[in-house]
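Structures for review follow.
The following pair of complexes shares a single chain, chain A, combined with chain B in the former and chain C in the latter.
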Partner chain A sequence: MKKLITATFVSLGLAAAAQAQDAGGRLDIVVQPEPPSLMLGLVSNGPTQLVAGDIYESLLRYDTDLNPQPSLAKSWEISEGGLTYTFHLRDGVKWHDGAPFTAADVVFSADVFLRKTHARLRVSLEHVDSITAPDDLTVVFQLKEPFGPFIGVFEAGTMPMVPEHIYKDTDFANNPANNTPIGTGPFKFDKWEKGSYIHLVKNEDYYLDGQPYLDEIYYRVIPDAAARAVAFENGDVNVLPGGSIENWDVARLIKMDNVCSTGKGWEYFAPHALAWLNNREGPTSHKEFRQALMYAIDREFVKDVIWNGYGTVATGPISSRTKFYSDDVNHYDYNPDKARALLKQMGYDGTPVRILPLPYGETWKRWGEAMKQNLEEVGVSVDMVASDVAGWNQKLGDWDYDIAFTYMYQYGDPALGVARNYLASNIAKGSPWNNVEGYANPELDAKWAAAAIEPDVAKRQTLYDEIQSEIVEDVPVAWLLEIEFPTIYRCDVKDLVTTAIGVNDGARDAWIEK
Partner chain B sequence: MTLLAAILARAAKAAITLLMIVILNFFLIHAAPGDPAAVMAGENGAADQIYIDQLRAQFGLDQPLYVQFYKYVGGVLQLDLGYSYRQQMPVLDLILDRLPATLLLTMTAFGMSLLLGVVFGLAAAARVGRWSDSAITGMALLFYATPLYWVALMAVLLFSVQLNWLPAFGYESVGAGYTGLAMVLDRLRHLALPALTLGLFFMAVYLRMTRSSVLEVSQMDFVKTARAKGLSEGIIRRRHILRNALLPVVTLAGLQAGQLVGGAVLTETVFAWPGIGRLMFDSLTARDYNTLLGVFLVSAAMVILFNILTDIVYRLIDPRIAAGGAA
Partner chain C sequence: MTRFARNRGALLGLLILICVVLLAVFAPLLFPDSPWKMVQRPFLPPLAVEGMPLGTDTLGRNVAAGLVYGARVSLIVGLVSTAVALLIGIPLGALAGFYGGWIDEGAMRFTEFFQTIPSFALAIVLVAILEPHLTSITLAIAIVSWPPVARLVRAEVLSLRRREFVDAARLAGLSNMRILFGHILPNAMSPIIVMASLMVATAILLESSLSFLGLGDPNIMSWGYMIGAARTVIRTAWWLSFIPGVAILLTVLALNLIGEGLNDALNPRLARKGR
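Now for the complex of A and B:
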């Protein structure tokens, strides 16, 4: 078999070239809200991954251009035709309890544990025929068909490695070890004072020489957004992960002395804000109404005022930070007159539409209000619906809404994080993350499916170009903003964000300048 | 009625009340939209039906409501408050874990507000009409009328951000590793702002009530009689006025004491105080049924307990109640 792609990096060499790192010190990072669990294989929400990203690792990491980098795998090959993925594991890696990490753990994690517990990975694993370990340091994923995005699923939150010797033949969800997570990562779990903090300590036996540099990390639970900003101002915490404080505090804090910020570290997620438009009933079931809505809303204003200038107005389903983005689509620039004309053409009769904002704090509430005002300006009557997170989930799961705000992660590839919202096969009640709007377009379904398994990158691009141009015409949902969540930190903290998932990849490379 | 018999009668009533509370709460909570599995699935950013069904089965939510109800009440009768799937620990442990922090905060605020309220109330009553009386009642009005949330934020802004005297949040210096006296002092420093914030409102209430009550009792005939007998002003104040004037204050204190365990959601949230109030609020948003029911049950039990204690205190202050005359 001819090896098409061979990649071997020596990450140590790359890192050491830059600057000598100071060892020691501690990080205090805000985690909000408090995670329900730290077992990344069972719970994959944001706060869990933020903390557990220090404890668990996967085979690969991704740089901010989404190129794969070594992590637990030191090198890998993809066969010609893209059917066989062979990973060579690092030698001498140990679990936090001292047991050796081997290829058997990888097979167990992917094939047994995560196949059972991880909804998102399960979808990708449908393309996999077999996962085998020819020897202790080699793992082979044999695919049924070429699946280009597959190289992107070896991220810690998507495929975290879990220890076989602890979980084999147990009830995963109720294993007592879930409270004392064991991974291979640079930091070990020490203590969780519920309601206050989670304490991680340096993994002295970590496989990278001299790393991690920090002695310990405290993840601090501070429930009030204003108090989180004060905590950073006072020096109680030195890192605010993206989205942990309100936008106006971002603008204020980054002007302070000795405060640095970066928008990097979100490329893999590429959070894409959109409004679900119920395609099944009411005014939003009319294409003209949906197009009118796109022209009626002033997205530049929202970006500049509500998001303090952060982010980029979205042009379509795929984020410009994700692979296969195309700009060659109809741009719905703010144009109330055009919106009024479209509404007239449709024969809009004044039926009120309900807006359901995302219950994630002030910013989202204001965004809902801005949309209400924009729609009323073109003659649409609007009712605002208040809810909390549970109620919001329920309403989306039951399709009980007209317009509902949300934001979706794209996971680096349209086949992983974008197509799921538009495929007719993904219309099912009960989840706020599938094809909630009820859009069905068999012609595009076929193109999404073809693009996912097309081995040739140029052909994939062509397919995605066509999809984007056509779907933007239909406006199944209102694409709003490519959100940017700046990570804010004290400037003496170095190399905090080095990958496409930023602080969620753990503080392996981070150090504090003395 | 003897004290013991009275307490026993109250306890019997209390048990029935508690049972009603459990039943009512159970159905109220399950009537709220969304369930814990949907919330957790929602937070995960991706979920399919298999995942949600797994969670429902794990949490026992796949069973009919009456079965869940039967299991829950059966557990409560054996003092088993169930398991929090959200927090991955038994509810009773969770509550006992959070209780000390809440009690420390609420008891301090309670003691402070009662003591300062009564002392300032007496002082104001003794100087009625003078400028010092106006100053004290004016201050009380201010604290009474200002929203707690705002006081908290302003206190943080002034004492933490501007002056840097006191920590803005938390209940200890995380990772400082203090022991002994240093630890006590550290806790006290963290306690200061939240306790003050929480206590100010009730201090104002007690102050105004003590003042008006003292003024009212001072006008009564038996006080005039005492004065006519030639008793000294100090004895009249202590024995005749204060003792009678304190009854309404005790009533109110009893009501407030009942809420001590329920915690203070706002104060605990603003100051990141790891107490019961926050646990309740987090459990509500996560639809963590068992934890929420557990917190409600413990709080309800405490309200009832403190009502009984208040009655006992009444009897000590005013023997007529024990005799059955005034009750």
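Now for the complex of A and C:
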């Protein structure tokens, strides 16, 4: 039997049209901090993705269970064996300047532009042999070997489509068009008043009938967290994307009338908070110490008190919201006595360890203090190190730390966003995002590699189950919390968060109830 | 002494200061646990639970313990940084005032160099460069506080060195150094003492401001830290900022009252009328 995975949807817009949407109105969304640029192919930090996710599109979108959905591609097939990905593009799609969007643009974006500019996509493209366009509406990705996560890279922030007719044979980074981004998305760039707002207007020629429903979006730049909360309270903005206000304000705002919130819309990123533990030197180089640390810290307390009950205590390297998660691992529940016993067994001599909190605001400072206190209670002496963002980057890049807080995005698949932190081949100074802890386990390295290219889903699951069970025993890093950043919005805003990247590309389907 | 005692404000200041000092000294007896220890539910208002007279903060830490341990930090930073500032400012100002000429020119241009930079901005830069630590914070505060001392001492010495007793000392064959440090400076002490008491107050404010901005020593519970940490929850738990704020206010006020009392006591001729 030929196994052909086919997905055909007439139109998501029609599928979701169970309820009549009201057209018109505008959204005011907080963007924090102000993005450095809106050219999603060149810059892919959070604020840029938030704004530009409505300007640029990719071939697919993902629902909140990470299932692929049509976007610029109306249907697609994956060949048996997982080597050929064929995408059928939507007919009649136009760029914001009126030029037609064709398969040539897809080939240019993936094979030329992003290969040069997008570090994260480049890693996935290593598995790709060729990208071709047999006709104007068909694109074929031919892989060198099966690469299961590949169906997950067609997200707007990972593979944004950029116009070939504007960028071909130019200096991408210095093209003047970067200031007036041209995409295919439901909203067009209108105006950027630096330090104040970014204004997008409805794309009247958008290929979905009647969509987008909204007339315009203002992304407002408000540098102070308390001022952002106030702006929402007095109605200046009607959407606070996840993480834009301090947790303590979240608890207060969601109790107000006519305020709704959702924890969905982060599944693609699945932010996973962890503490790097320096595996090379100091007390943290001992496995018993690292296990003791896991038992010593009260993660439930942190979740309830510092994160107001949002999130889930992490059990291991893979988030429960990411594919191939396994719960069948040792659970390090809060147990100070066990921690003391492990420290004794190891012969801990009182050498102080340094804690470097993430310099991202009060929440993370409190978290560092709570961990310090937890560790001191089991007899570990702790020095808290203060630093700013630049100092934090430098210290991690130089491996000059004992325990350091961070959080990492998982991008839906362990091969895309998890393995990078544990592979010995990813030990390199200078980056705070690779295998910073210095964990080297050749046996697991082989399993991570095998799992990435295993075409059979069940076998992948088995491999990842083994990896999780073994690595959790080693505690290369301290997994803390699957962070949930609630999106807070006025209840008359409907259908804003319907995808795995939430507000980033949510404006296409969003509408305001009259 | 009696003149000081006649000033009611100064007595009140002294009383407050003694209380603060006693609390700071006996902190470990009053609260044997670390002020960082999470002991109760977070966000308890004052007097809600027995044993937590001032409530608990965002992590359930005892605010009263934090306040008492914070007093230690404030007093230590205030006193030490003032002492260091005096050690820099007095000799420099004295030499400049006594010798005049190019020494005076050089010392005063050097002083002006520090005075032209806003002191708080300079303190922030210094702490940021040296990494926040109790020593670096104390040092930074000392470095930004000595210029006024130098100028004051110079002015005092300038006026004193033309007095007859200096001429007499010179005729007696005393060395310049003995004249300066043995005869002139002791006579200039009263304005310096008054200024020093006010400097302690300023130093406490500076330390609190630095901690408030997150540039405090992260291992030490201080009043500024308490306010800074509570700032984000001021809408839901105002007392967390209010209580340490009152502590700073009272301590600084006490030091100012004492300074004024000392001023009146040491310069009786300048005492204002109507008192």
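Note that in this section the second predicted complex is superposed on the first by the 504 of 514 C-alpha atoms of A that agree within 3 Å, B and C clash if a C-alpha of one lies under 4 Å from a C-alpha of the other, contacts with A are read in each partner's own complex, and residues count from 1 in each chain.
Rule of thumb we're sticking to: a residue touches a chain if its C-beta (ideal position, glycine included) is under 8 Å from a C-beta of that chain, and two chains touch if they have at least 3 such contacts.
Just so we're clear, the structure is a prediction, and the values are computed from it rather than from any experiment.
By the document's definition of touching, of the two partners only chain C reaches A:Ile306; chain B does not. Using the contact criterion defined above for the overlaid structures, shared-chain residue A:Lys194 touches chain B, although it does not reach chain C.
Once the two complexes are laid over each other on the shared chain, residue contacts for A:Ala226 go to chain B and to chain C alike. Of the two partner chains, chain C is the only one touched by A:Glu376; chain B is not. Contact with chain C, but none with chain B, is seen for A:Val385 once the two complexes are overlaid on the shared chain. In the superposed pair of complexes, A:Gln394 makes contact with chain B only, with no contact to chain C. In the superposition on chain A, A:Trp248 contacts chain C only, with no contact to chain B.
In the superposition on chain A, A:Arg460 makes contact with neither chain B nor chain C. Looking at the superposed arrangement, the partner reaching more residues of chain A, out of chain B and chain C, is B.
After overlaying the two complexes on the shared chain, residue contacts for A:Ala119 are found with chain B alone; chain C is out of touch. In the superposition on chain A, chain A positions 226, 387-388 are in contact with chain B in one complex as well as with chain C in the other.
In the complex of the two chains, the chain C residues touching chain A come out as 34, 36-38, 42, 58-60, 128, 131-132, 214-219, 229, 231-236. Every residue of chain B that touches chain A in the complex is listed here, in rising order: 32-35, 38-52, 54, 58, 86-89, 94, 97-98, 101, 153, 156, 160-161, 164, 167-172, 174-175, 269-272, 274-275, 278-279, 282, 285-287. Those residues of chain A that touch chain C in the shared complex are 225-226, 246, 248-249, 251-252, 301, 305-306, 357, 362, 365-366, 368-370, 372-373, 376-377, 383-388.
In the complex of the two chains, the chain A residues touching chain B come out as 26, 28, 33-34, 36-37, 43-46, 117, 119-120, 122-123, 173-174, 178-179, 193-197, 199, 216, 218, 220-224, 226-227, 230-231, 233-234, 236, 387-395, 397, 408-409, 420, 428, 430-434.
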